[in-house]
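Common to both upcoming complexes is subunit A, partnered first by subunit B, then by subunit C.
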Partner chain A sequence: MNRNTVDTQAVYAVSPDIISREIEGELIILPFQSGVGNIEDDMYTLNATGKTVWERLNGRDSLEEIIASVSREFDAPGQQIKNDIVSLIQTLLEKQMIIRTC
Partner chain B sequence: MDRIKLGWQFKPWLGIIPCMTLSHSKYYHVAGITIKVSSDRAMGTETFHPKLSAFETKPAARPDVLLHHHFFLPDTRTDIFIPENMIYKKFSWEIYRKHTDWYYKFIPSTSTDSAYTVYAVFNDRHTRGSVYTTEIDEKTYASGRFTSLTLSNTDKMLLSRLMSDRHGGMLHCNGIKTADGCLLLTGPSGTGKTTLSRMLAANGYTFIGDDVMLLSGQGDRFYAHGLWCHGSQPVTSPGTFPLQGILFLEQHTGSRITPLPPSENRIIPLLSAFMKPVLPKEGWQQSFDFLESVTRAVPCYRVRFNLSGDITNLFTAIWRPDT
Partner chain C sequence: MLIKKSTRHMRGPALAALIRQVHQKSIPAVIRVRGGSMAPIIRPGDFVAITPATPPYRFGDIVAFLSPETRKLVIHRIIGRSRNRLIIKGDNVPDRQDVIHFSHIIGTVTGYGTTPAIARKTGPGWEKIPVAMFSRLKISHRVGFLFKNLLK
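Presenting the complex of A and B:
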């Protein structure tokens, strides 16, 4: 399986190669390569839903558990939430901002 | 400071050469930082571009940064300039890191101002640096009008790094001087920063920086500083100015200046304008601290304007012109 393929049974965590800071309610994420922050425009921010998911990437809860937890919190169709979260995780994996821990 | 004074000389191909005073070091001051530039060779009055002369200062007993020019190359066959140590490669620049030192290689392209390959090594804080090149002869060095103290195409990389250690940073913006301080105009390329700067300059304000300005903070006071780097407009200023506001520009059919309260998101456009230094992880905490303090303490505005010039009236109603 491609390591960037999202597995809802998998557990994901924030990569140690990023630094993040919440400023003015925005979560700013800066990926690192070779131990230094890139001077390209590679800073990312997450919207409210994205931030909610990001905060749950603790290396213990499976993605399926996170989807269930977020679905309870947001008033939106379950399948839509699942699709949005899977899409987000896909992007975070591709940009190496998260890692699969198991 | 070493100083070599040449008397009258006779050279067969030039005849009499008038007396010149050359030195092996010069001092520059920018954003509260004193930089001593010394050299294996004598510097002439035209070693550096005239725009840097406004930043030249008298010798300081304890300069903040020591930079030395050498005219040989260190042994580049060592284990420094190898792929495993490379942390950045873009345009004409390669950056390597080994232990705590930083190594730069600048290989000019046809589009850069400087035409010389330059190597440089800096300590971790970039307060001590050595620049190496074999491509600049004595005559060129004495009168080369270099636009960069590092003999490369720009000092932005060095200055942004120095500012990051001093609760400061570098912003992609234009600087406009008012009667009481400075405004910074930011926005993506093509937004109209230069157009608006010229409109304001024609209405009593002073255009003090094109494309880039330095920022620093002390407590809840913030300052903008001019530097010798610029964009397409050769506008520079050695001054330090109280920062009155950061303006995020948008082209629009109408003209309006809207204050952005702290509750309204300002960090995103500020980040877009922030020229990110090359920093290790721990260094970025300092930069985030600085950016956070800017969003808390510096007034920010959204400026929508068209080409009619009406916007200048709105400016004068809020900020007194410089003249």
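Presenting the complex of A and C:
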């Protein structure tokens, strides 16, 4: 399986090779796998749902558990939330901002 | 989309804090220069790589500091020293210089260029001392283009 393929049974955690900072209520994430913190081009931001998912990437809860809890919290259609979260995790994996722990 | 590229324009204390956070990982921070005070060697739109810096700071070094007056991040050149303070000046600013305490220094500029990749490779070299000397004489803004051409 490609390591960037999202597995809802997997457990993910925030990579040690990122910097995150809350600025005026906005969560900014800066990956630095290239060996430099490119503040100009490489900063990402999450919306409210994305931030909730990010905070739950604790290396203990499976993605399926996170999807379920976020769906309850945001009272949104389950499939839509799942699609959005899987897409988010896909991007985070591709940018190496998260790692799979098991 | 739950995630997107940030378009936030970082500035001042928030930018300085983020650069310091990057430096805690022992890597350089790359930012884009918006002013022309170091032109033509560093032009508006150029990228600079800022690495963590500790004393001794050397004559001719280019440093990034948070101006205690304007609270803006400034990138200028060291043209002198007085005890634990540095005399700082923009190459393209003949009539103004600042005196700042070491503690205001965020880092040293170790690279600059038109792209982040170039900024990682091309840094101040032999020219920094003569440019600093011309800056003290308030004529670096007139001769800067010579250095820029020589550095190509």
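Simple rule for what comes next: the second predicted complex is superposed on the first by the 97 of 102 C-alpha atoms of A that agree within 3 Å, B and C clash if a C-alpha of one lies under 4 Å from a C-alpha of the other, contacts with A are read in each partner's own complex, and residues count from 1 in each chain.
Here is the rule we use: contacts are C-beta pairs under 8 Å (C-beta built on N, C-alpha and C of every residue); 3 or more make two chains touch, one makes a residue touch a chain.
Just so we're clear, the structure is a prediction, and the values are computed from it rather than from any experiment.
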Which of subunit B and subunit C A:85 touches, first, second, both or neither: second
Contacts of A:57 with subunit B and subunit C, given as first, second, both or neither: neither
Which superposed partner A:6 touches (first subunit B, second subunit C, both, neither): neither
First (subunit B), second (subunit C), both or neither touched by A:66: neither
Which superposed partner A:19 touches (first subunit B, second subunit C, both, neither): both
Between subunit B and subunit C, more extensive residue contact with subunit A: C
First, second, both or neither for A:98, with subunit B first and subunit C second: neither
Common ground on subunit A, meaning residues reached by subunit C in one complex and by subunit B in the other: 19, 21, 23, 26, 28, 30, 32, 35-41, 43, 45
Subunit A residues within the subunit B interface of the complex: 19, 21, 23-26, 28, 30, 32-41, 43, 45
Parts of subunit B lying in touch with subunit A, wherever the complex brings them together: 86-88, 90, 97, 262, 265-268, 271-272, 275-281, 283-285, 288, 291-292, 295
Subunit A-facing residues of subunit C, complex: 1-6, 8, 10, 14-15, 17-19, 21-22, 25, 27-32, 47, 49, 116, 120
Interface residues, subunit A side, partner subunit C - complex: 19, 21, 23, 26, 28, 30, 32, 35-41, 43-47, 49-50, 53, 84-85, 87-88, 91-92
